[in-house]
Each structure stands twice: as C-alpha cells, then as structure tokens.
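The structures come next, written out as structure tokens.
Look for chain A in each of the two complexes below; its partner is chain B in the first and chain C in the second.
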Partner chain A sequence: MSTVLPPPVASAAEPDTHAAPRAPVVRAARLRPAWLITGVASVLVAGVAGLVVGPAHLAPVDVVRDLAGLHTGLGPQQVAIIEQIRLPRVVLGLLVGGTLSLCGASYQGVFRNPLADPYLLGAAAGAGLGVTVVIVGAADGAATPAAAPIAAFAGALGAVALAYGLGRASGGRTSTASLILAGVAVASFLTAVQTYVQQRNQDTIRQVYTWILGRLSTAGWHDVLVLLPYAVVTWIVLLAHRRVLDVLAVGDDEASTLGVHARRTRLVVIVAASLGTAAAVSVSGLIAFVGIIVPHTVRLLAGRSHRVVLPLSLLFGGAFLCVADLLARTLSSPAEIPIGVVTAFFGAPFFILVLRSSRRLGVTS
Partner chain B sequence: MKRLIAAFVAVLALSGLAACGSDTTPTTAGSSDNAVPHRIVSMSPTATEMLYAIGAGSQVVAVDSNSNFPADVPKTDLSAFEPNAEAIANYKPDLVVISNDVKNLRDELGALGIPVLLQPAASTLDDTYTQITELGDRTGHRPEADRLVGSMKQQIADLTKDLDRSGPQPTYFYELDNTLYTVTSKTFIGQVFSLAGLTNIADPADANGQSGGYPQLSPEFLVQADPDFVFLADTKCCAQDAATFAARPGFGGLKAVREGHVVPLDDDVASRWGPRVVDLLRQIVQATRGVPVG
Partner chain C sequence: MIDCRAATVSYDGHPVLRGVDVHVARGEWLSIVGPNGAGKSTLLRFVAGLAPGTGELFLGGRRAASLSRRERARLVALVPQSPVIPEGARVADYVLLGRTPYIPALGVEGPSDLAAVHDALASLDLLAFADRIVTTLSGGERQRMLIARALAQGSPIVLLDEPTTALDVGHQQQVLELVDRLRRHHDLTVVTTMHDLTLAGQYAERLLLLDGGRIVVDGSPSDVLTEANLARYYGARIRIIHDGGKPVVLPYREEHTHEPQR
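Now for the complex of A and B:
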C-alpha cells in the first residue's frame, strides 16, 4: 500500500533532466472514490433500466414492486417475465460484461499490448469450434445441445493452453510477442477447422451463427449459476494482481529487480483471465469488443494504473453490456438483434474515437 | 479513367449476356429438347420428393446429401450448399435440379453441357404447383404431375372447408430453432398456418419485412403474447420437444404448455415446399381443431 509505483507511462521516460511533470504522469495511480461511486452507480442505473424496459410493456412501478416482494396487480405471466426472463438476463449481462472487460484489461496489462482482448490467445476460436461440433452433432442425434456450454468452455481453455504451450516452446522465457503470435496461429487454425465443419453442415449454420454473434438469453438462472463461481474466482485473482501488473508494465527485467516474478505472474493472470473468458463465452457466445473498448475508455478517463483500470473495467463493463442487451432487445422489438452486433456497432466507432482522443492527449499505450 | 469505365461497362454487358444465356437450357449433342432425361441428379430435397411423387423416381440417379425422402432415394454426399460441378458431372446427368444457384452452379454445369432446372424455394402454394407441373413436363410425367396437383388441391380444400372462421382465430408461435427464430405469415410456411385459420404472434416482429419473414423473437414478448399453440420445427436440428420447451425460463406457465398444445413437427416436412405440405396442414388442423379459443 505504501509503495507508490510509477505509472507505466513514466517508464517510457527518456533521460529527462527537467522535472516538469507531463500530463499522463499526474494521472491517479490510486482509484479515486468518485470513480468507484460512478462505477457502482452505472451498474445500478444500467441494471434498473434493463429491468424496467423491455418488449413486454410493464409499468416500471410494478416491476420495482414485484422485485421488492410487494403486492402488484401483475399476472403470473408478467411475474415470470420479470423474475425468470429479465432479472437473470440483467444479472448475466453484468457478469459477462464485467468479466470480459476485466479479462481484457488484464490481457492488455500482461501483454503490454493495447490490442489484446480476451480472445487474443484463441479462446473465441476454440469455443467456436467446440460449439459448432456440438450443434452439428446434435442435428445428427450424436450430441445434445445442452452440451454446448461445456464444449465452449473446454474449447476456449484448450485453445489458450495450446497457444501458451506453443508460445513458450518457441519464444523462450520472456517473450510475450511469441505468445501473441502463437495465439494468432492457434486462432486461425481453429477458425479454419470451425469454418470447415460449419460449411460441411449448412443445415445448422444459423444456429452456429446465432451463437457466434452472442446472446444473453438462453437458460436464465441456470446460466448465471454456471458462470458465477468462475467469474468470482477470476475477479478475485485478477483484482489481487492489480499492483503487480503495474510493476510488470515497466518491463520484465525491471520488474524482477523490484521482486516480481514476471513469468509466474503472467501465467497466473493468463490462467485466471482465460478461465473467466471461457466461462463467459460458454453462456453468452462470442460478444465482441467489450474486452477492448471498456478498459481503454477507463484508461482514458480515469487513469492508466491497473489499480484504477481493473476494478473500473469490471463495473463499467457490466453496465455497458447490460445497456447493449437492453438495446438488442428493444431496438427492433419484438424482434431481437444479436448482442454482438450491438456491441460491435457501437463499439467500433467508439474505439476509433478513443484512439483519436488518446493520440491527441498523448496517452499512447 | 475513361478506359476503366469502358472496361467496367464491357464486363457488365458480358455478365448480362451470360445471365441471359443461362436462362435457356443448353442443348447438347445427342439429346434433343424432346428427349426425356433418364439420369437426373436432384440437388434439392424438395425436388427429390416431387420427382418421386410424380413417378419420375426411376429416372433419378443421384440426390444430394439432405434428400432423405422417400427412404429409397439414391443418396450421395453431394452438397447442395457447397456444390461442386465436377462432382455432379461425374454422375453423367442429363438433368440437374437445383433450388439455389450457389456459386454460379447453373453456369458451370451449363458450360459442361448439362441442362439445369432451377426451382427456388416456393413463396406460395401456387409456386409449388407450378414446380411440380414443370418437373412433370421435363421428365415426361405431366399427367401424373397434374394428378398430384389436383389431389393436393382437393385435400387442402377438404382439410380447410369446415374450419370455423367466425370467432377469434387461435394464435400460434412457430419455432425454427431454440433461440426463438420464427416465421411470419408472409413466408410459405406461415401461409400454410393461415390456411388452417391460425394467427401468427410473430407478425409484428417483422412488419416491414426487414428480416425476410424470419425474425428472432424476444422471449418476454413470446411470454406476453401467450399463444394458444406452439409448433416446434426444431425437433431434429436442436432436439427440442414439449418438455424442453416447457423447461425454458418463464415458459412453464404458457397457455400452450399448460394445456398440452406444444406440437412437435418434423423439421424436414416443415422446411420443404413439396407434396408433403398437405401432411403438415393435416397435422396442424388435427392439432388445433375443436380447441376453444380464449
């Protein structure tokens, strides 16, 4: 607590004899209470909005009264809409969005790469292959669709393990670049296999596609309960590493002189982030961009230290996905838009904006 | 720049010509227009059903991997979605029936001198009748085709003639897969349900036709609409049945679930526009007849 570590940007310091502080350096290394309150408030606002707005037009006051356990004039169907469809969906959105954003922020920290996202090491491609195989198998009577989340989870973790093994084997002990390249190779390979399986079985292509674009409404509370234990473990491990990630940002050698074991830290963070990503993907499909734009926005607005970025990514990521899902189910109500389309449609332009602003402010990663 | 535009226009003109050329069936050496094909390859499960229903089955030498009715069709691993002209040509066909001109298949086969008949997915029952008649003409089974069409029309008239249309129509939800993809009344299958006197709850979800009649429905909307009937056309693809439907969050209290009106359909029959559409209509009418609405 007492050791105030230099923010990562300061490490890029060229021998600067003048003591004039530059703008990025004065950014807070510590999470300001105001930001924490804003983050919690955004979660609450997004959650309440997700609960009271939807294709079935229910009076907000009735929704609130029902959730508070008070008497309402709602019929059993309307109660089912609130308690079995909307509430688990909102909770799932908060969990998935928060987990993906936190994992993305951690990946960016551990790889010191602004473009790193939770799918960097092939988690999405592996999960996609697993789900495609199960969906195709279900159509042939060889599998059950209920196995899809398990296949996604196993596929995601398998792909990351493969990438990590290959990257370590070829890149020596400190190279993150070889790890990233191994991830790219594994992802391309698995995507090729997935596409092949998908094209050979076009009768199931819509289901595969639906899964790839992501969806927050499948099995209600069951999904929440499946995700929750993995999410909590991931959050605890990653948040506990927020200071160490700041140390790692100065470079492996420098970190080791500060007493941080870079390789071991990296492994722990990658394992935790991959576990959380795999669990999120297994219940929600491949939701794009959340893991990139939320952490970068937080960096831009609140500060670059992982002590700021990690907790705020968790909060704002949950709120962001909750709102994205709200749009997904209301924009063309009573039809739905795949949530992956919403996050990418709003995420991509936003990402450009963040990049432009960060260059103007001199906050390069 | 001028030259570029000229080249572009030339390409356009050429492709236009090519498209025109492929509309007329290429006649090849050794076969005249009057010759009846005896080596037919069907790349469409619906066309396969039609060919066998009009008695042209003995002229069919190969069908695509999804053609599975009737049971004794000469099934191959030819893919209608990723077709390969060479693989089709290996069967030395004198007629290839396709429902989708994937990857310029028609032109490719045409270049090999193989006549192609394109019969795309029907949007109305009349399209179905037209395609059956066309197949009858091409295969030398016009009388059988006419009889089949007549019989289908008669059966449909019989099935729908004493439907009570005076009161409010029962409502239904038609499930294409377990993520609530569905159809509106504008689709072929939706029209079959309209014939049976049912109202589709999904029509507002694609009122402007942007989803081509195939919107993905919001689960809470489905619960609020609370249809009288649910038809599952995903019993094969997604292993769904009345029990798995009822087990989904919030669906247990649906009227159709409580009253046992979740009707499993055969995915294949429900997704084709061939002669078995009559069987589908019969199943719908039998499931819904005499059920009070309200």
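Now for the complex of A and C:
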C-alpha cells in the first residue's frame, strides 16, 4: 500500500480542508468540447436542412443570408416561406425535441430507470384525455379547437400531480418504485377514460388520433412563443441539477450521507421535467420515443454522467426531431406522415445500430 | 466524538434498537458485534442519520438534530455493505462523490476537490485506476475505492458496515490494516459492524456486543469474546485461544455420540 498521506480531517465547521490545492492529475467527468461542437453543429445542420428542403426550392446560401439579415435574391413570397412557415416549424421542432429528450434523460436519472420517459408519470395520458374532452366538447367537425393546447397542458400536469400524490401516499417518503407504479396506474385509468369518451364520440376519432400521433404541421410563431418560456425554465433547472443527478445514482440513502436531500431534489426535477413535457405536448401532441432514444444514444456514445447526457440530449434531441419532421413532410409529399410514426420507424433501427456498433467497438462500458 | 444516548429505533412498530447508550472517543476504533438481527447495522444507520428514532445523538460535540445534511456529511462518512455503483462510472468520478458536502448544491467541483480525490486515491494506491470503470475492479480494489470515497469526504468519523464481507482472508486483512493505518494517521474515529469475531477482536480497540437491540457486553476484545458470552448470545460452540493477547475465535463441531447408520 502507498504511504502517501491522505487529506487532513475536516469538521462541520470547516468548509473545506483543501484550501491550497495542488495541480490535480485526476479529472472529473465532463462534456468534451468535441461533443459540444458536434451537438451544436447537428442543430445547425438539421435546422438549415429543415429550412431548405420543401416543395419550394430554396438555395441554402440564400436561406442563411436571409436569416443573417443580408441582401438576397429571394422574392417576398420566398422570404415569407422561410420566415413564416419553415422557420417557426424548425424552431418548434428544436424546442420540442430538445425539451422531450432532456426531460426523458432527467426522468431516467431521477428514477434510476432506463425505461423512464417524459410520459412515465401519466403526462401523455393526461394530455390525451384533456385534448379529447375539448375536441368532443367543440364537436363542430372543424380543426382542433384553440383550447386544445391548454387542455393538454392542464391534463399532463394534473396527471403527474395525481401520480406523485398517490405514489407518495402509498410508498412512503423515498420509494421511486411506488411513484412509477402510481404513474402506470394513473396513465391506465386516464387512457381508459379517454378511450371511453372517444368511443362515445366516434365522429371526432380522426381529430383525436391525429393529435395523439403528434404534429408540427400547424406550427407558427405563436406556438414557439407559448413553449419558449416553459422550455427555458425547464432547461435551466434540469441542467443545473446535472451533477446532483450523478449523486442520486448511488441511491437515496447514500446520497443522504453525502449531504443531498434526495426527496427534495427528486421533486424539483420531476416538477421541472413535467412542466417542460406538458408545455411540449401542448403544442406538438404526443411525440413518442424521443425522450428515450436520444438520451440512450448519447450514453452509448459520449458517456453516462448526467453532466454529459443532459446537455447533449438537449442538442441532439432538437436536431433529431427537426430531421424527423423533415422526413415526415417530404417522404410522401404533399401528404404528411405523423411525426410520431417517423421518430419510432427510423429511430428504433438507428438505436439498435448504435447499440450494436458501440458494443462491438467497445465504446460502452 | 460520538455520544449516543437512549437510542431507540423501530421498524413497523417492532423495536430493533432499545435504548442504546454508547460513547466513542476521538481516534477510537469500536466494532459492533452480535448475532443476526441484534441491531448492529441499525445502530450504524442511526449514527449515519439513516434510521430515524428517538434518543439523543451528539457528533463531534454537536447535537446531530441541529446539523444540516451537508454539515452532518462533513462529520460522518459511511461505507455501506452493499453500495449502489452507478453503471459505467469511473473510479475518479465515484470517489469525487465524497466531495459532495463541499460542492455548492448546483455547482461543480473545484481544484481543491480534485486535489482531495487525488490524495484519497493515492492513499489507497488507486491512482492508476482513476480512469477505470468501477465494475471492472476486483473485490479488494472495489473495497479500497469505497474507503477512498469516505476518505475524500474528509469526515473525522468513518462508519464501515461489514467492510470485509465478500473478501478473501488476505484482502480482509489488507483492508482492515489499511483502515487502521488511516485511522492512526488522521485520528479518525472508526465504527464498524463485523461478523468475523476474530478480525473484530484483532483490529478494534473495543467491542460492543448487541443482542435483541440492547448492549449486553461492552469492553475490550478479551472481555467480550469469551466462550461463555458467545455461547449465550450466539448459541455457538466456541473455543477461544489468545494470540499475543488478542482473542482468536475457533468454532468447533460437537463430537457425534451416535454411530453412523449403515
């Protein structure tokens, strides 16, 4: 054994025993600049592709110059296509995809469950019921009512609150298993109610179904402005907890002996992630798979620390949904494929490919 | 350093610890022994703040109930028997968790924290393992890593719950020698729970024998590890021999009085 002297002993009154640090040779898990640059580049590439590709042909150079406020040879109609149709859709895709991925990664961390996704505590079922009730209530056969986003938001948050309350009441102070089970029970119950309401009003099935599969097709700047404040708050809160989520990975008891209030931390993360998820689904409908596939792909390729997983999930999640939306509106143009179908159809094989490649190359641990 | 008065802990209304009084001096090594279900781990968890109960607890002269979690973590480090190891974590990252009580709640570590991790790894001869994935370590290396995390925590009180479980006899001795060396270098107060009575008697200065949630014998290893005590509280057939003044516990099998059936 080495005879190197360990650090001196601290006491509660002494904030730190290492006031005069030496140059450390150990390093902590951190987001490598190469990965950060790759994430930002993927957002830019996906964003420009989303602006350029479409029925109206636009040169990438002109699109970039227009965004930069420089003179272009584009006519007013082409500028309107960029700024009023494609740009809000791209921005919304980035916001929704990034938020759902970040929330999924946070849920997986806080529940220590790789199958957790942003809808774990019933957000999707609550949003689905809220929207179904509003659509059925409107019953005029027209487009989705204006109140649908509000109903989705309220339904999602209400379902999570109900699941959290039930989980706490039945599982004591620290059980994550009881929270997950409560989420499953609430989701099943709300889905049953939603299905019943839908069956009783079959003339609205198509509208409800379209919403449930998710869409960015009606995106406008209004949707972006509605989502943006919630998304920013969610991002700030969750990213600020990236190191603490690594501490929670050792379990509540050990985290407690390390000075972390596990239950309080979990509540803050759940509230922030649920707020972001509810806001995202209120403007985009239920887009499945993003919250699971992107964080796990990041873990396989870049590392498992939440310091790495959370920021990269935000960036790659946005880029992924932007590309998925691009495919959704071009593969069977002029018709659109529901974006939820695209995320699962292309996302699942891609994920399997990453999983196999990373194991073969020894990327993962 | 630890002053525990009338500690009582119940699980689902069933008392597991019944009015335990124990005082541990600074720099002392106390080992808690006793049969299964005696309350050894519960007493350790009570001191660590993980088993809520009644009674009073003072840590370093301060009332434990008045300490915040972070303050308590700076006073007491726990090495659990079955730690949760995050999948894919590197050794350096795992040891860095010990610095949590010093890092701002929503901040990240500073150079002083990395220096503390460096020192802890060096003390346990683990610097070469800093970038290894935890799950690739052997049992002995892993136990040293757990102690390194506690050392990085810089707490004057270190609690070890069954630190030699799942280690072979050589690694058991290496780990306990290491704990003893660190204790002496840093005047650490060490409390362990142990099933191996010989090792407990060889390394701890004082033993606390629990039975049914109560202290039944408290004293030096020679006082506690007697054939009469072990027969009474463990129901075990034991012979005690002394090796340099330290008791060695030898379980034996009673001779068969019946002829084997043919």
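In this section, the second predicted complex is superposed on the first by the 297 of 365 C-alpha atoms of A that agree within 3 Å, B and C clash if a C-alpha of one lies under 4 Å from a C-alpha of the other, contacts with A are read in each partner's own complex, and residues count from 1 in each chain.
Just so it is clear, a residue touches a chain if its C-beta (ideal position, glycine included) is under 8 Å from a C-beta of that chain, and two chains touch if they have at least 3 such contacts.
From a predicted model like this one, the values you see are computed outputs, not experimental measurements.
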Touched partner set for A:69, first chain B, second chain C, both or neither: neither
Chain B versus chain C as contact partner of A:84, first or second or both or neither: first
Chain B versus chain C as contact partner of A:240, first or second or both or neither: second
Contact breadth on chain A, by residue count: chain C or chain B: C
First (chain B), second (chain C), both or neither touched by A:221: first
Contacts of A:210 with chain B and chain C, given as first, second, both or neither: first
Touching partner for A:33 - first (chain B), second (chain C), both, neither: neither
Sites on chain B touched by chain A in the complex: 66, 79, 81-82, 176-181, 202, 204-206, 210-211, 215-221, 223-226, 236-239, 248-250, 252-254
Interface residues, chain C side, partner chain A - complex: 48-50, 59-60, 62, 67-78, 80, 83-90, 92-93, 96-98, 100-103, 105-125, 127, 130, 133, 135, 151-156, 174, 177-178, 181-182, 185-188
Chain C-touching residues of chain A, taken from the complex the two chains share: 1-2, 4-12, 14-19, 21-29, 240-241, 243-244, 246-247, 249-251, 253-254, 256-261, 299, 303-305, 307, 364-365
Interfacial residue positions of chain A with respect to chain B in the complex: 54-56, 76-78, 80-81, 84-86, 88, 138-139, 141, 144-145, 199-200, 202-207, 210, 215, 217-222, 329, 332-336, 338
